[in-house]
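Chains: A, B, C and D, in written order; residue numbering restarts at 1 for each.
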Amino acid sequence: MKKIGIIGGAGYTAGELLRLLINHPEVSIEFVHSSSNAGKPITDVHGGLLGETDIVFSDSHPLEDIDILFLCSAHGQSKTFWEENNRPKGLKVIDLAQDFRDESEGYVYGLPELQFDKIEAADSVANPGCFATALQLSLLPLAKAHLLPENGDINITALTGSTGAGVKPGVTTHFSWRNDNISVYKPFTHQHLIEISATLKKLQPANTATINFVPMRGDFPRGIFAVTTLDCPLTEEEAIKLYKDFYQNAPFTVVSDRTIDLKQAVNTNKAIIRVEKHGKKLLVTCAIDNLLKGASGQAVQNMNIMLGIDQTTGLHLKPSAF
Amino acid sequence: MKKIGIIGGAGYTAGELLRLLINHPEVSIEFVHSSSNAGKPITDVHGGLLGETDIVFSDSHPLEDIDILFLCSAHGQSKTFWEENNRPKGLKVIDLAQDFRDESEGYVYGLPELQFDKIEAADSVANPGCFATALQLSLLPLAKAHLLPENGDINITALTGSTGAGVKPGVTTHFSWRNDNISVYKPFTHQHLIEISATLKKLQPANTATINFVPMRGDFPRGIFAVTTLDCPLTEEEAIKLYKDFYQNAPFTVVSDRTIDLKQAVNTNKAIIRVEKHGKKLLVTCAIDNLLKGASGQAVQNMNIMLGIDQTTGLHLKPSAF
Amino acid sequence: MKKIGIIGGAGYTAGELLRLLINHPEVSIEFVHSSSNAGKPITDVHGGLLGETDIVFSDSHPLEDIDILFLCSAHGQSKTFWEENNRPKGLKVIDLAQDFRDESEGYVYGLPELQFDKIEAADSVANPGCFATALQLSLLPLAKAHLLPENGDINITALTGSTGAGVKPGVTTHFSWRNDNISVYKPFTHQHLIEISATLKKLQPANTATINFVPMRGDFPRGIFAVTTLDCPLTEEEAIKLYKDFYQNAPFTVVSDRTIDLKQAVNTNKAIIRVEKHGKKLLVTCAIDNLLKGASGQAVQNMNIMLGIDQTTGLHLKPSAF
Amino acid sequence: MKKIGIIGGAGYTAGELLRLLINHPEVSIEFVHSSSNAGKPITDVHGGLLGETDIVFSDSHPLEDIDILFLCSAHGQSKTFWEENNRPKGLKVIDLAQDFRDESEGYVYGLPELQFDKIEAADSVANPGCFATALQLSLLPLAKAHLLPENGDINITALTGSTGAGVKPGVTTHFSWRNDNISVYKPFTHQHLIEISATLKKLQPANTATINFVPMRGDFPRGIFAVTTLDCPLTEEEAIKLYKDFYQNAPFTVVSDRTIDLKQAVNTNKAIIRVEKHGKKLLVTCAIDNLLKGASGQAVQNMNIMLGIDQTTGLHLKPSAF
């Protein structure tokens, strides 16, 4: 049994991580750090675990006692953490913030469909962003085949659930406002564009396509549904084959032969992808759970790969379906 | 045209009041006070009014310029307001907080189905609470007929929408938590029990019934749905007649011959009531919109009555239905 | 008072029409035809009207007794209706189906922002489709200015509420499936593209732009939220001015200076539009209520114009906001 | 590995059963029978399983090839099934309909918290109803202690999710109607009262309490939230101890020390219970997932018990939380 520690234990990604790791057969949780909740049972904050654990939030984080550390704090705080703490030799780290997604300081970008081997060999993994995961999985096979349009547009709109905005309540996560409401935010400027572009450059270095990304706030708590259109020379049949071949060894990324919907992916670690051709346009739809494949589920998948065990361990989740 | 002023203009009840009064044929809005938003267009906060008004939040509240004042601040602040401000002679006041629902300082409790004549003669009206409105309308005819059970129980569960919790975001109004969720709060101790009991005592002074009230948080933004059961000697036919007779002159309170649902009342000033008998038990279900009949709609109804105009003026609202 | 008749009275658009016309000061409802519900009070089907009307569904439709007829049946049935019935001279007709949106048989396409004068002179109006309304209002000013991109793409994704799918229950309107779910349907092939293209050709006959339209099922009952991106040579300032100028006399179409959200338009007859520029791309977002500006509200607006009265009569609706 | 067959494979309870059994370590699925879907992959109907199984709906049901049969058809069809088919010796049967909940024909009522030993020895188990499960778990400890009130009232209101109404679409499961709506159905007459009363009689045969049960349709897909009030002589401390003692060996039934909410139980096989005392009244709130502890989860729990394996096998489910 590998020993686990979690920093930033009261947030949404830490909660989801705990809900996964509590049933993971190969790890035990040593500490869940939260300065503001120290001393409280974690079930006071993560109520869904009631009856399943007696773990109490800790105000210490003895890094030397653990094998793997998950950093679940807000963006920017992972760097701060390492400025204030020494990293024991041999400690593996998975950062769920965006601090090291540029692969600085030896971190490997943790998208298993792209970098399985590097993750397997890594001590430090930067877990991808939620939108970034959905959008990259929508485009990786094309980039690999150097089929992103030269000087052309990649048009993406994608809706995200309210959990993407974190646990701190605010105007746009107030139930009275969000319920049955739709809106756009950060159009063309979302911070995940940086990691998406970096990945696409890796696979198709000469690509000059422009990504026009309009993120939207959806009126649901979990999930990302992304719609991508772009010019593509392949037939529909060729495009589907390209995607299926690319993901044939990816246990969680599934190319559907039918129209998809968001809830197929909700409460699972899967990415469900659909590829269609309409005239000159390729239409790629992709559904993930932003807290799982888009955050904590992918973090556990990365942990499994880093530990050399089956990457699906602890991730055979019952879909919620409804 | 009567001139109107509003204090506490950024909250939910003020917003709903503005959405009503902007189309009211007999009044004009002189000022909407909000210290935190002074100088901003009210459409910055109440976005649904975009294109319909150029009113700007004010940091002053010239009481001498208006005929009617609506107090829409938090509970307790209406009293504070009058400690800090002089009330011009002739100014009519409608308080939407709970500060004067005990009819202190000359305020009349503003439930038109009970106190039409007193409201008509009043200078100061205390607008009832949202739960209090739904629960009293469920019981008034029985109390009037002295049919509340002696030493018996009146069992009530009622669900309220998230707008009942106000504009300030918090844990239980976070979309991620509230969506598809149900919970109980303040069981047996909700503050509205005070005004409900006071009303029932007026009508059936000797009544010794106990109200067992369990309020619940519903996963919808607007509305209250109340379920009341109690022993009753009447047949179903007699009970329905009792309710229909009692409300025959009430333009907004309707006794349905069919099963009801919450959305029949949503976005209207109506209270929809259904009366059934099962064995010895009377079952009364009641649906209102907490922001309209439960707050701002009833406030406008009270204003109309105080002004001596038809009480439905400005309140012929299209039901949302969906 | 003009006399009104409604065919297809049990559907969603008829229900919304009734909820509007019941409070309209210039018309009276003579009959609401529904063969399957004949004899029942309309409140059995349209429960939100309980307490407001005693109208009963009729199995006859005496066209000679009315001034204006609304056809609210399914697509295709309006043509059938006229095959089976004689149209009295002088009867004005507004068709909410798509049967005459090609302006065949003397029908005028009823988009007031485009064809006010023609509607005013018309005896027969074909009411636009819901998506068609939102998408045209997003593009009209550009088409008028001949600024639709030559040989370029207009990329549109838009979400619609479940009421857009009609009253008949089905797999994709089952609450268990639809709640918190998102999906795509009829991508690139939605039937409203026909009327949109016809309109754009009217304004910019030489336009060769391709509309890539991906409609989506939203998990809300009312509303359409459309996101349009296209190349545009104007600056943001110029583009905003173009839109504001174009809509300066349109009482329901509002260009917002701030980010918009769907619920600003819900339960109103308004179209709320936001125009932004990002790099070379113009981003136009538009929110309407699919049952109001997208159907029955626009039908009443058209009726008002045909009657020569203020087009906003009976359409000063309180926004639901929540 | 025990071999499993499922009859009625296209419904909601079969879908949830499949989502559970696909990951169950001790069983393999031999056939999933659905006459209307025979030949189709089960993922065409149960889309959440895409990428996890290649099972195809079968039009045959070779009972001699399996060890355990789940009957997931509509109420009444289980009896019909046995009229038309022979039951092989040794075949264990779990019926999810209500046909044998009266324990006729050798069926054992499958509520593990009450009848663990009988279930362990049974060949045929009748799985409890969803409301019945929540309501019995709310009352069992009191009945065992003979504390149900003599000649008194047990007042229960409970909300259920839309999945409780089954897969067939209808008026009250139409998203346009159900969303943000609340209503009452079958008050005082719900069919589950029969099995509840039978159970309570077993434990407190002399009890003469009346159950006043008002079921409500909630605007969420999954879950039951039940509120029970009754007179009780115990102090709050004594009552909590009574419940905790009763459920100390029940792995899925948890007595909470804090206020509970529905989503704590959603997507788990748990029943979360809260016990409070207010004056003379005991308030018991209970949350379950209607498709899991209220149906398919409990069915798997019963299967585990019948197989002599740990009753939690395959039921360590990640709570959805959001």
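Note that a contact is a pair of C-beta atoms (placed from the backbone, for glycine too) under 8 Å apart; a residue touches a chain by one contact, two chains touch by 3 or more.
Just so you know, these numbers come straight off a predicted model, no measurement behind them.
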Response to the item:
If you tally C-beta contacts across A-B and across B-C, the winner is B-C
Item to complete: Considering only mean CA positions as chain centres, point out the chain farthest from chain D.
Response: C
Worksheet item: From the C-alpha centre of chain B to that of chain D, how far is it in Å?
Response: 39
Worksheet item: Using the average of all C-alpha atoms in each chain as its centre, how far is it in Å between chain A and chain B?
Response: 45
Worksheet, complete the sentence: Distance in whole angstrom between the CA centres of chain B and chain C is 34
Item to complete: Specify, in ascending order, the residues of chain B that touch 2 or more different other chains.
Response: 12, 161-163, 176, 179-180, 219-222, 260-261, 263, 266, 322
Worksheet item: Which residues of chain D touch chain A in the complex?
Response: 12, 15-16, 19-20, 23, 44, 46-51, 161-163, 179-180, 221-222, 252, 254, 256, 258, 260-261, 263-264, 266-268, 270, 272, 291, 316-322
Item to complete: Enumerate the contact residues on chain C facing chain A in the complex.
Response: 153, 155, 157, 159, 176-177, 179-185, 187-189, 210, 212, 214, 216, 218-223, 225, 227, 229, 259-263, 266, 276, 278-279, 281, 283, 285, 287, 322
Worksheet item: Which of the residues in chain B come into contact with chain A in the complex?
Response: 12, 161-163, 167, 169-171, 173-176, 178-180, 219-221
